[in-house]
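Report on one structure; see the data block that follows.
Naming follows writing order (A, B and C), and every chain is counted from residue 1.
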Amino acid sequence: MWAMVQKEFRQLRRDRRTVAMMIVLPVLLLVVFGYAASFDVTEIKTVVVGPGAQAAADRLREPFVVDRVEPGETRDDAVATLRDGRAQVAVVTGAGQPQALVDGADLFAARAAVTAMRQAAAQPGQVAPEPEVLFNPGLETSVIMVPALIGVILVFVGVVATSLGVVRERQAGTLEQLAVMPFRPSDVFVGKILPYFVVAAVDLTVITVVGITLFDVPFRGSALTLALGATLFLFVTLGLGVLISTVSQNQGQAIQLAFMTVLPQILLSGMIFPLASMAAGVRWIGYVLPLTYFIQISRGVMVRGTPIEALVLPLSMLAVLGVAVFGLSVVRFRRDLAPAGTARAADAGERRKITAAAR
Amino acid sequence: MTLVEIRGARKRFGEVVAVDGVDLEVAPGEVVGLLGANGAGKTTLIRLILGLLRPTAGTVRLFGSPPSRHTRARLGYVPQALGLYEDLTVAENLAFSAGAFGAAPGRLDGALEAARGELVAELPLGLRRRVAFAAALAHRPDLLVLDEPTSGVDPLGRARLWETIWEAAAGGAGVLVSTHFMSEAEQCDRLVVMAAGRVVAAGGAAEIVGDASTVEVRAERWEAAFTALDRAGLPAALVGRRLRVPDADPRQVGAALDAAGVQAAVRAVPATLEETFVVLSGDGGDPGAAAPDRAGVA
Amino acid sequence: MSGYGVSDLRVRYGGQLAVDGVSFTVQRGTVTALVGGDGAGKTSVLRALAGAVRPAGGGVRRPDAHRIGYMAAGEAVYRDLTVDENLAFSASAYGVRGAEAARRAAELLRRTGLQDAGGRLGGQLSGGMRHKLALAMALLHEPELLVLDEPTTGVDPVSRAELWRLIAAAAAAGAAVVLATCYVDEAERAASVVVLSEGRPLLEGSPEEVVARMPGVVVDSAVRLDPVTSWRRGARWRTWSADGTVPAGAARAEPDLEDAVIVAELARPRRAGEVAA
């Protein structure tokens, strides 16, 4: 039995990916739960409009942080600000009681705002506005979760399925056959990922429809904007999937790498824990993850009805990431498949054999 | 004492009879070759000997008793896939198998010693096969079972591997070699040919061939002769620039060529072991069928 | 020079030179065999010839991709597609359409004995059947140049005979066939042989020429005469005598291609630090 134990330890030591997973994973979880996992929102971006704006702004205490004071704007402007995601709370002053509008799509900020306002109202002598929650009046979790879930599905299909699909070719030994057939590398590449694109599109539609019909998730914005965001996002995830396949020799390795790229996205993209609650030192990770931007788009379009002009930033980020990742994956894929200038071995094992025989 | 004694062994998987009444013996010091097409039952028979399967009928005795965990210590087995761990070095692989059998890892010779710290994945096939042999021989087994031991190896490497096999036999071990390679089969003391689960021929290579004959065709343009014979339903094999039609009647061959207007010299020559084997397999079984062919079953 | 082939081919993987100066020509209607052990460079030469890899030096003469048929080492068929689907993919990739594709596929299935296995998944076939399917896929579009990497390694003799019939039929129909093999008896069937070792050519020519050019003599004896230059042949030993002298207790033997190949490997100049085989 000892022989078995010794052998397993030796093999494990050499299996860098598994070891990385066993070390990287605990560290990641530690970081997440140490610094990132928090539902407490300590700063709520507030904009104050209307004639009495300045006076009202001066009276606001934490957690509200006044971002802009616009005496010239009206309630409609305030609604638009919230809809575009530029603030989380808007205080509208005018004749009579000031109104507080709360962005219900930013769930935890909204809850914090409502709680703060009710506490303030409970204090004797205080006059506080009654909060009006827009977009998600019931402050329901499902309303903001379903749009995020769409992103997660796209990540799965994009990264996991694609990496397996291409690695399968390498494992079966048919990659070489493809290199000899009268295909252009682009034929092979596009041909390989197109089915996954279609599957992802179907998934996206199904989840959206189910969300709307079964969970009463609204769809206030433009379907085209969502489609654009989804397409750009898919470029990133499909590209990532192909990239993983070019560095994996078999499906087991591909799954490991895929897992290690999917898990951080689920935990740190703002899907579960709001980005604003994360410690700044960790929050930057969220801003590098594509899922973060897609969730901004999907929540914006579906729950708030954000117009495309206000989503230019996340759309652009996805476009940039898409070009980078997709481009890199195409380059690596070509090298694996097509006759390369430096005749790179399509299979690392082949290269080792040559090295060994030359000994 | 006979190392392996099989009498009337049958093995059935559901409706499929993979081994259908086989007798086989292996004595110390002899090298027995086991030949058979895919689906002939070779692999199943080997698994019966190794104790991985129990016979449906008949007896299988290894060192005098049915195969068990205890007989394994006296057995050395090299599967076709070598059974080596690619992510361990040569020395680590040998240490593992020695430890498993409770033996000390043996001394390594020349090339293997030089490669002891290399990962198996980095070794060329010939060296890998030698490592697999060393792993199977370290505990000085009384019986060696080898499945396609030299597949894919160059001629010199193959000769070196056979030196190891013969050394083991000279040391008193019995060796059972399963092979597809005829010139390798000719090196064995005796052969057992299987088809469709049965033994269809046994004995030395010359005995098995007997006086079987092949028709040799020499033509100015072999392509024309080949096409003519093909159309006549006579399967011809190309050897260099000549054609050979096993188990055929020279007159029939000549007639087919004449009918196509092809000029050729036709004569009967002795058959090779390979040709005899193909003919035996064709009569005895249906190599195209796949019922027992599925991976892991045959 | 007519025919297809390579001239002074060099193929590099990373920093290593896998093929170093190999040249040969394959005439249409003939079979050329590349012989050599694992790592000798056979696969690299075939890949360069078929166009799967760009050479680091030298020249390659081949027809365009539509007229090349390639069979990679290890049965490269799609295990999760059926036999029919595999053939359909090949047909579609090479531009063989409709009725023509169906006709060719049916004929190849018949000739490989796979006609009843059309609906079977690639993964459910035996090794020999997978090789036959891979060959059928390479033949479907009636290529002018057929490049086969170890088409019969590990295949049972019955399937091997059938594979060779197909290969011969392709050559008879005018294709130039190049194949890599580790079996010397297969090399003997070819019209022309190229023996490789460590990426370099050792021997070249027809089997008869190669044997005739073998340096020294080969002797047969009952016991081993030398640790390096002796090798087993069945129950007896063969020894290579470079200078032609016949040692006591041995008799001169008529060499065959296997002897010539082994002698070429023994005669190869060794690199510094290389351990003798």
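In the analysis below, a residue touches a chain if its C-beta (ideal position, glycine included) is under 8 Å from a C-beta of that chain, and two chains touch if they have at least 3 such contacts.
The structure presented is a predicted model; accordingly, all values stated were derived computationally and were not measured.
J.: Which two chains have the greatest number of C-beta pairs in contact?
T.: So the pair of chains linked by the most contacts is B-C.
J.: Averaging the CA atoms per chain, pick out the one whose centre lands closest to the mean of every protein CA shown.
T.: Chain closest to the assembly's C-alpha mean: C.
J.: For chain A and chain B, let me know how many angstrom lie between their CA-based centres, rounded off.
T.: Chain A and chain B have C-alpha centres separated by 57 Å.
J.: What whole-number Å value describes the gap between the mean CA coordinates of chain B and chain C?
T.: Measuring from centre to centre gives 21 Å for this pair.
J.: Between chain A and chain C, what's the gap in Å when you average each chain's C-alpha atoms?
T.: It comes to 52 Å between the two C-alpha centres.
J.: Among all residues of chain C, which ones touch two or more of the remaining chains?
T.: Touching at least two other chains: 37-40.
J.: At least two other chains touched by the same residue of chain B: list those residues.
T.: Within chain B, residues 124-125 contact more than one other chain.
J.: Which residues of chain A are in contact with two or more other chains?
T.: Within chain A, residues 353, 355-357 contact more than one other chain.
J.: Please name which positions on chain A make contact with chain B in the complex.
T.: 2-4, 6-7, 10-11, 14-15, 349, 352-353, 355-357
J.: Which residues of chain A touch chain C in the complex?
T.: For chain A paired with chain C, touching residues are 168, 172-174, 176-177, 179-183, 339-346, 350-351, 353-359.
J.: What part of chain C is in contact with chain B in the complex they form?
T.: Against chain B, chain C makes touches at 29, 31, 35-40, 113-114, 116-117, 120, 123-129, 150, 153-161, 164-165, 167-169, 171-174, 182-185, 188-191, 206-207, 231-235, 258, 261-262, 265-266, 275-277.
J.: Sort out for me which residues of chain C touch chain A in the complex.
T.: 11-14, 16-18, 37-41, 43-44, 47, 50-56, 64-66, 68, 70-80, 93-95, 147, 198-199, 271, 274
J.: If you look only at chain B, which of its residues touch chain A in the complex?
T.: Per the stated touch rule, the residues are 85, 87-88, 92, 95-100, 118-119, 121-125, 127.
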